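Would you mind keeping the following structure in view while I ask a few things?
Think of it as A, B, C, D, E and F in the order they're written, each chain with its own count starting at 1.
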Amino acid sequence: MSTVTDKLAMQSEKFKKGLEKLKEIDGEAGENIIETLKEVSPDLARYTIEYPFGDIYSRPQLDLRSREIAAIAALATLGFATPQLKVHIHAGLNVGLSETEIKEIIIQMSVYAGFPVALNAMNAAKEVFDARKTKS
Amino acid sequence: MSTVTDKLAMQSEKFKKGLEKLKEIDGEAGENIIETLKEVSPDLARYTIEYPFGDIYSRPQLDLRSREIAAIAALATLGFATPQLKVHIHAGLNVGLSETEIKEIIIQMSVYAGFPVALNAMNAAKEVFDARKTKS
Amino acid sequence: MSTVTDKLAMQSEKFKKGLEKLKEIDGEAGENIIETLKEVSPDLARYTIEYPFGDIYSRPQLDLRSREIAAIAALATLGFATPQLKVHIHAGLNVGLSETEIKEIIIQMSVYAGFPVALNAMNAAKEVFDARKTKS
Amino acid sequence: MSTVTDKLAMQSEKFKKGLEKLKEIDGEAGENIIETLKEVSPDLARYTIEYPFGDIYSRPQLDLRSREIAAIAALATLGFATPQLKVHIHAGLNVGLSETEIKEIIIQMSVYAGFPVALNAMNAAKEVFDARKTKS
Amino acid sequence: MSTVTDKLAMQSEKFKKGLEKLKEIDGEAGENIIETLKEVSPDLARYTIEYPFGDIYSRPQLDLRSREIAAIAALATLGFATPQLKVHIHAGLNVGLSETEIKEIIIQMSVYAGFPVALNAMNAAKEVFDARKTKS
Amino acid sequence: MSTVTDKLAMQSEKFKKGLEKLKEIDGEAGENIIETLKEVSPDLARYTIEYPFGDIYSRPQLDLRSREIAAIAALATLGFATPQLKVHIHAGLNVGLSETEIKEIIIQMSVYAGFPVALNAMNAAKEVFDARKTKS
């Protein structure tokens, strides 16, 4: 097998693994983001599946519940990453965090990143919680 | 009892609870920071014990292991909070996170906050791990 | 009196002081934010009243005019805290800052945080100034 | 000539140079921003023309293509500066960057500032690319 | 007089005004920074004098005490701008802020930017206060 | 060939490509960082080579000179990423940027991220320029 063929096979292997992980964690919300992204940049869509999901979230060193706690804390702290924060509040609920636990992570962020970060993240959480109620 | 007396009693109640929590979680590293801080601002030292530890970390809605995952993720993401990140890497180890899990949270931060954040946080983790080895 | 009763009494004392301070400074805009917040997280609503307003803004070491200058500068610098920035532009006007002085703080932010921060904060200020004109 | 007259003459000299540079680089999008800004703060509008455009962008030490690469990278990294990022994606196209090159700068930002920054910047780029297609 | 001569005269006019303002506000600490900067980039040194000091700090719309409150709040909030924060803590003391007021601004930053920002800024303040005591 | 063997082969392929790119761009400074990193986290060291260098910097859509302009702008803007900024100032010089051009990118950052970012980045540049002079 030539190196190029290997590479493509490999990439699609990693891509497939990442896509499954993305579906497992983020559900429909994550898939929609990738679909929209693919229209403008198929390459960034591919890297977003390969590196965060194919590489990182597939590692066994940390359970998915812990990973989503870390993701929610980081995305809230950034302050400007509201769309991604919402995706990971969905993801947190998908992998077993309760609404109460997610609110608690956000309350804790007032300590490290200030009250505006906590208030804006709590509003994002409210929108996610409401959207899931409406849907079901 | 007058309101003022109530208030002082109360404050010392909350302060005491916060100080115990600080000792439980951060150990010596946390206490040293508070001692240094008290010299320049006893008021900020008191608030740091009362609000983050007396109020937030004393809440039962989230276990301490999860809280330290969130703290490490947030402090790494800020990028500039190296002294506090180190205190919470100590704290994470104190409440049951393994070195491997802490490194894994930091690796995950490359996704949300970029590689420089992950690289600098990993250096901070190395210093904490080494310091604990030397000491024991 | 039991410690628990004391605590509740105390809490309500601090809460009451904080709520009065919030009304004094932020007026209706601040109260609305707390009302919305209470629906999703009554605890974060309570902490937002107790710590920033009950504890910090009630301290006599700095006058309210100076506190609002600091708040506007900090919130503009964060870049993403537009809702909170607007609340404190209202608050600044409520405690005696002129529109000219608020614009001047924002212009000064171009030096420390760059022109995008200053431009976006100036747009937020325009919206607040316009809203107050329409209302009166 | 009095100092005051000198100053005004000079200012208008620098202002004129800055305004020409702004038109050359940012085109209509830049001019509209300045017009809106002038309503609330003519002084900040003037400084925005004088310092970034009259002083910095007029310097010959770096070509405009390179300057727009730096501007797009910096504005994407800030995370919250979406209006300014869009202006400079327009500007980048105006001074000779291709859509592919702009997307590539944004993909590269995933390395330094994380995937949320890259994803949000790519959405901003899509909006600019679409707006230019609709218009022509 | 030719335009070029005008321009140089003007620049030196603005530069002179800025340099006087820098000396008035920042004192020796500010001058030393400019001297070091001049070795690597005389142009950035000139702009630092001309725009922040010649243009902004020379405007009469806000008194210097208020400007230094805003500067300390903004620089503390950035988190990474420790050298500049120290210069402006000196400057704050030079234009009439008390140590107590400066500590109070920093304590207030715990609300907007989190406790790590407040703790690190308080350490910077301690260093400035100590340096001034040693010197006198 | 089994999938596992494929994967390892592939990984080493990508790793090798990344390592070559790292050497080409960052030279010794980059290699040293990876060596130190490997002691605490071989996995993060591997990802740092695979994703930024194996994936991103190996893409032909943007020349290395342009990539280093973007990297220097982004790393300066972050404010806290001084070690990485220095590596990429070295890298910029390695791929053909002049000292003057690098200083110019940094001066331009005063517009987007404020003067403290520009001043601190200029100091980092000075250290890199001096280190290279001493060495040669």
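Assume a contact is a pair of C-beta atoms (placed from the backbone, for glycine too) under 8 Å apart; a residue touches a chain by one contact, two chains touch by 3 or more.
Computed from a predicted structure; not experimentally measured.
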{"item": "Same or different residue numbers at the chain A/chain D copy interface, by half rule", "value": "different"}
{"item": "Most distant chain from chain B, judged by the mean position of its C-alpha atoms", "value": "D"}
{"item": "Chain pair with more C-beta contacts, B-C versus C-E", "value": "C-E"}
{"item": "Over-half contact-pair match to E-F, picked out of the listed pairs A-B, D-E or A-C", "value": "A-C"}
{"item": "Distance from the mean Cα position of chain D to that of chain C, given in whole angstrom", "value": "32"}
{"item": "Distance between chain centroids, defined by C-alpha means - chain B, chain D (Å)", "value": "41"}
{"item": "Distance between chain centroids, defined by C-alpha means - chain A, chain F (Å)", "value": "27"}
{"item": "Residues within chain D bordering two or more other chains", "value": "43, 47, 51-52, 59, 75, 78-81, 84, 103, 107, 110-117"}
{"item": "Complex contact set, residues of chain F against chain C", "value": "110-117"}
{"item": "Contacting residues of chain D [partner chain C, same complex]", "value": "33, 36-37, 39-41, 43-44, 47-48, 51-52, 75, 78-81, 83-84"}
{"item": "Of all residues in chain B, those that touch chain A in their complex", "value": "51-52, 56, 59, 61-62, 66-67, 69-78, 81, 84, 100-101, 103-105, 107-113"}
{"item": "Complex contacts: residues of chain B adjacent to chain C", "value": "1, 3, 6-7, 9-10, 13, 43, 47, 51, 55, 59"}
{"item": "Chain B - residues contacting chain F, complex", "value": "79-80, 103, 106-107, 110, 114-120, 122-123, 125-126, 129"}
